[in-house]
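These are the structures in question, set out in turn.
In what comes next, chain A is part of two complexes: it sits with chain B in the first one and with chain C in the second one.
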Partner chain A sequence: MRLIDRNMTVFLGGLFILTVAIPLMQGNILPGYAIQLAGKYLCYALLAVALDLVWGYAGILSLGHGAFFALGAYVMGMHLMREIGTRGVYANPELPDFMVFLNWDSLPWYWLASGSFAATLALILLVPGCLAFVFGWFAFRARVSGVYLSIITQAMTYALMLAFFRNEMGFGGNNGLTDFKDLLGVSLSSPEMRLVLFIASALALAGGLLLARAITASHLGRVLVAIRDAESRTRFLGYRVEHYKLFVWTVSAMMAGVAGALYVPQVGIVNPGEFAPANSIEVVIWVALGGRGTLAGAALGAIMVALTRTLLTGWLPDAWLYALGALFILVTLYLPKGIVGALGDLRPARKQSKEVPA
Partner chain B sequence: MTILNIDSVSKSFDGFRAINDLNLAIDKGELRAIIGPNGAGKTTMMDLITGRIRPDRGTLFFDTTHDLTRLDEAGTARLGIGRKFQKPTVIESLTVAENIDLALAGPRDVWSALRGPHGKSAVKERARLLDLVRLPDPDLLAGALSHGQKQWLEIAMLLAQKPRLLLVDEPAAGMTDAETMRTAELLRSLAGEHSIVVVEHDMDFVRALDCRVTVLHQGHVLAEGPLDHVSRNPEVIDVYLGR
Partner chain C sequence: MRLIRLILLCLIMPAAALAQSFEEIARALPEGSYDDRADRVSALASSGDPRAEALLTALVGGDLAVLKSDGRLVIVTDGSATDALSGDPAGSVTRRDVTPVRVNNNLRGHVRAALGTLGLVAESPAARTRAAAQVEAAPDPAQLSALEAALSRETDTKARDALEIARASVLLVAPDATPDERAEALALIAERRGAAAQGRIRPLLSDPALKDAARTALADIERAEALRGWGLTLWQGLSLGSVLLLAAIGLSITFGVCGVINMAHGELVMLGAYTTFMVQEVIRTHAPGLFDWSLAIALPLAFLVTAAIGIAVERGIVRRLYGRPLETLLATWGVSLILQQAVRSIFGPNNRQVGNPSWMSGSVEVLGLSLTWNRIWIMLFALAVFGFLMLVLRRTALGLQMRAVTQNRAMAAEMGIRTGRVDALTFGLGAGIAGLAGVALSQIDNVSPNLGQGYIVDSFMVVVFGGAGSLWGTLAGAFTLGIVNKLAEPLAGAMLAKVMILIFIILFIQKRPRGLFPTRGRAVEG
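Coming up: the complex of A and B.
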């Protein structure tokens, strides 16, 4: 199977054109906040690709992928908090404002690495990756699958949300982390930094897509599809199903973490609401809309829903949630394979439509 | 020399004795048919052999040295036990060739899988197997095959694993008479090179296999021998054939 298939070519081509065009059009054709908004969409798209990798190919319907996204976001947020330094309200050179407010006199141990940008980059992958590995190790070995797995992923993100709401956790409680000033010494509100973050998001999305494609187009991708369609059969062929699930689950969580980390500097805040179960469920809608098991379709679905939300919440703020619900029902009823899947069916004369002699 | 030794094995589910002091030995290269009424414990026996479930009592040994009660499904498969389910289970959204590739003997770990498919020898082996089961188009989606063709694809996948012992659960179910006879012929030709255990209900099919027959009843061996011999056994007639 080719690494860059037709869908991938079209999507990556479109992504490249937009990455060049949006900065050029900003300020004249598009409003001044277009880059920031587009960068946010690209992070959502990467999260959707991460979910599609496990749901579309290995059949693991995660209703908690928002948790990995949020963990990546918090890791980045912690670094951005440390960069505020003495510019905070309390002007404490070491402690973020909320810790001073809580009368803490030193950084908790888990904040120590956040001062280093290199360590932050590593932790963006490691924190979601480790949680996914431990969670997956127990869940997949115990052969929890299907709706039961979906429920415990949902419980996982809900439990994390409750934990992060607590002030004693040391992550800013329900206010979360905000008031960021700069990244690597460059102001987050400067046009240059915004452009860099936008391009980084585009590159991360392209990289994530190619990585997911490399995995799914390999022999391992065949094994994943076999697990999705006939798990028991795959075991009897000699494959340790739990190892394969654990691998793809952990990779997917890391990808979601990168998406979250790029998201935070572009929106300027991360709070426990990112762990809300509804967020994770919305990701499922993006993937279903774009086309489960199509990767580029998942990214497209995320961008389309996000764009629609931006437009609708501007025009008809009350209608947005109804529109999202209606969208999900309509897609389930009329586009079970999603947009990209339906487009694929329109292409003429594919192998499966060939008449088979009995 | 035996390939499989089942010794005094019992297995209960919630007090129901699915397997009750079962003793069974399969010789290397032997073709063996196992018959018995519904609930006789045939599927439970297969689950025990392939490590899907563990016995309450007794021992299962493969090739006299490998303790099957310590292995899971993947472990017994890697050891050389291939299992065909009653309902044909092929990967419907993959092509015939991809199905065979998944089954071809070789490393099964994640890293090898990531590095890619098998080499040139695999392509030849795949062609040989597809020829053997008469599936001409390797690029067809497995989901588009007829029921009988799916059964054969699954048999080809089984052979691709190069198993030493094949467990075949009701291969003739849902097949036409002609397909049934071809399947019996195929299994007979495979015996010798592989040891084969066939669970079957269809008496014509069992007759066509022309092999030793074991009759299971309530998780226990009721009779064993050539088909003509066991079918004259009054107990067998009583519980199974006479109905």
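Coming up: the complex of A and C.
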């Protein structure tokens, strides 16, 4: 299996062209906020790739991947809060505004590392990674699978949502973290910073795709597919199924965390709503639409749905949920392999029909 | 003891013993020593005469006077006089026409106490009870004699109870009561009044004679209160459990039989609630008299509406996805989004008003706990639905077939069971029960398009915890989670309690991946 197959070539090529073209077209052909919007879509795409890695290749349907995304987002948000410094409403050099408002006199211990950018980068990987590792350790060891696993992943993100809504948790409660000013001393609203974040998102997506592809194209990836298709048989062949699952699950969660971390500076806010179970389920339909187990397809699906959402909520706000609902039904019924999978089916069929008369 | 009281009684109430008429005593009010006059006031108050209240009120307010012209006793208000005994107007008077009946502070206090006991001799037992409660709220040693007189006459048990407590309250503050009497009174109050008496008993801890009695009484009260608190928590837990049972039981049978998770279940519950709303709207405009029957009418309608939608979803979508449970989950999520948005488009995003029928409002007192009728009815209803489902599963042909399909689909099909039909009917039944749950939940929750979303995660937890497809498991799961939730709430707060329960279930699945009551069979092997 080649690392960069045909789908991957096309997608990465397209991604490169867009990354160059969107900044050039912004302001003349595209509206001024196009870079921010495109950067947001790329983060969604990375989240979709992360989900496709576990669902498409290991058969783990996570309804809680939004939790890892949101955790990465919160880690980044905490760093951005610390960078506000004395420019906040209460001008407290140490504490974010909401802590001053709650009459807290010092930073909770879990906020201490957020002052350093390097530590934040590490935590973006570590926090979702650790949660996924612990959760996966328990879940896979007990052989929780199928719909049961889906339901408890949903419960996980729901529990986190409830927890983050509490003011006492120290993450801004209902309002979340917002009013960010700058990152590494550069204003978040400056065109340069936006361009950098956009390009970083594109690079993260490309990197995520390549990493996922490297995993799935390896021997480990084949074992994963075997687990997906016949878990018991794989176990009887002597593979430690739970170790494979745990590995890919943790990698996927870290990838989702990176997506969340890149998302926050581009949208300027993170609140407990990111943990809502509905968000996580929506990610699943991105993957299903683009094509489960195709990686590039998942990214494509995310971008397509997000773009449709932006356009449709602008024109016909009420129609969006109908469209999303219909998408869930129609894709599962009529497009089980997604767009990329369906296109893939067309090609060999043509080749075969040529071969048969010959 | 009793003899002493009796003697006391006779000493205190010479006026009554003399059996003078009300008029004679009243006319004698201005005369004699303040002690004699105090006795007369007591006599007037315990006479049971309806004129006593106005007379004594006027006396304490300084409005009672004697007309200089003919010596009549009058009540003066704003310069016009009324005969205090006959109630006839006695013309307008100036200050010079009358001699006010004098009162000093001592007598004024005595009159006030007597006024408080007036109701004790009222006609109706309810009025006597009220008066006793007033005495209890502001006890005055001067009222003791009137209370004891009233007690000796009292025949109504409720009024007697109130009088006894009032007497005990008075004894507690009476300076001349013996320590034994006071200790007895203390015990009586602590026993009958419970927590409400804590404030009254606590100051007695500094009284050397009553210290020990007060301490034991307070400890008893605290123990009783703690017990009541546990009872209340248990009740709330059972109530939450019955709601969870209603929301989850339909989900559980579809999961058990068809092996699919119906993500639109919450929305079917919501549709049941909206059906109730529609029924009540029609009743309001066309037949307001039927309002108390609105829930009874809504139940079958909600069942039919949601069961029809359920069967349509099964035939149209779920049927094509059998063997792919995860895809079913996604497709039914799509259905749920569409149903939610449809309700939002038709009824608007705001809460809709669904009323309680009269038999569901109010509350009842059981063992010191105030239980609201709507919660009681919902609990009974949840158990009734459970019993109904049990009957369907155990006693009908469909139930037999459903159990067969749950255990082994392929074998059931071999035996000639039309599994497709069983699936559709099961799905319809599960959806119909969601509709019934919606009717019940419309009574305690906001009827909005988001109604179903609030229950979906919780009902999944119940199903996972109890074991899919097992009715007993769902019952046990629902009540366990309900009670645990309410037990944890005071310790950790509502949100954290929920988080803890979710973590607990995630850990629980480690030990029993198929829930408390795992279904034997193949359908649940995903």
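The definition used in the following text is that the second predicted complex is superposed on the first by the 348 of 358 C-alpha atoms of A that agree within 3 Å, B and C clash if a C-alpha of one lies under 4 Å from a C-alpha of the other, contacts with A are read in each partner's own complex, and residues count from 1 in each chain.
Throughout what follows, a residue touches a chain if its C-beta (ideal position, glycine included) is under 8 Å from a C-beta of that chain, and two chains touch if they have at least 3 such contacts.
It should be emphasised that the depicted structure is a prediction, and the values quoted were computed from it without experimental measurement.
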| item | value |
| --- | --- |
| First, second, both or neither for A:133, with chain B first and chain C second | neither |
| Touched partner set for A:219, first chain B, second chain C, both or neither | first |
| Which superposed partner A:151 touches (first chain B, second chain C, both, neither) | second |
| Contacts of A:326 with chain B and chain C, given as first, second, both or neither | second |
| Contacts of A:233 with chain B and chain C, given as first, second, both or neither | first |
| Chain A residues touched by each partner, larger count belonging to chain B or chain C | C |
| Touched partner set for A:117, first chain B, second chain C, both or neither | neither |
| Partner chain in contact with A:101 - chain B first, chain C second, else both or neither | neither |
| Overlap of the chain B and chain C footprints on chain A, listed as residue numbers | none |
| Chain A contact footprint on chain C (complex, rising order) | 255, 260-261, 317, 320-321, 324-331, 333-338, 340-342, 344-345, 453, 456-457, 460-461, 463-464, 493, 495-496, 498-499, 502-503, 505-507, 509-511, 513, 525-526 |
| Interface residues, chain A side, partner chain B - complex | 215, 218-220, 222-223, 225-226, 229-230, 232-241, 243-244, 247, 351-352, 354, 356, 358 |
| Residues of chain B that touch chain A when the two form their complex | 50, 72-74, 77-78, 82-83, 85, 89-95, 98, 101-103, 108-110, 113-118, 139-141, 143-146, 157, 161 |
| Chain C-facing residues of chain A, complex | 61, 135, 138-139, 141-148, 150-152, 154-156, 158-159, 162-163, 165-166, 277-278, 281, 284-285, 288, 318, 321-322, 324-329, 331-333, 336 |
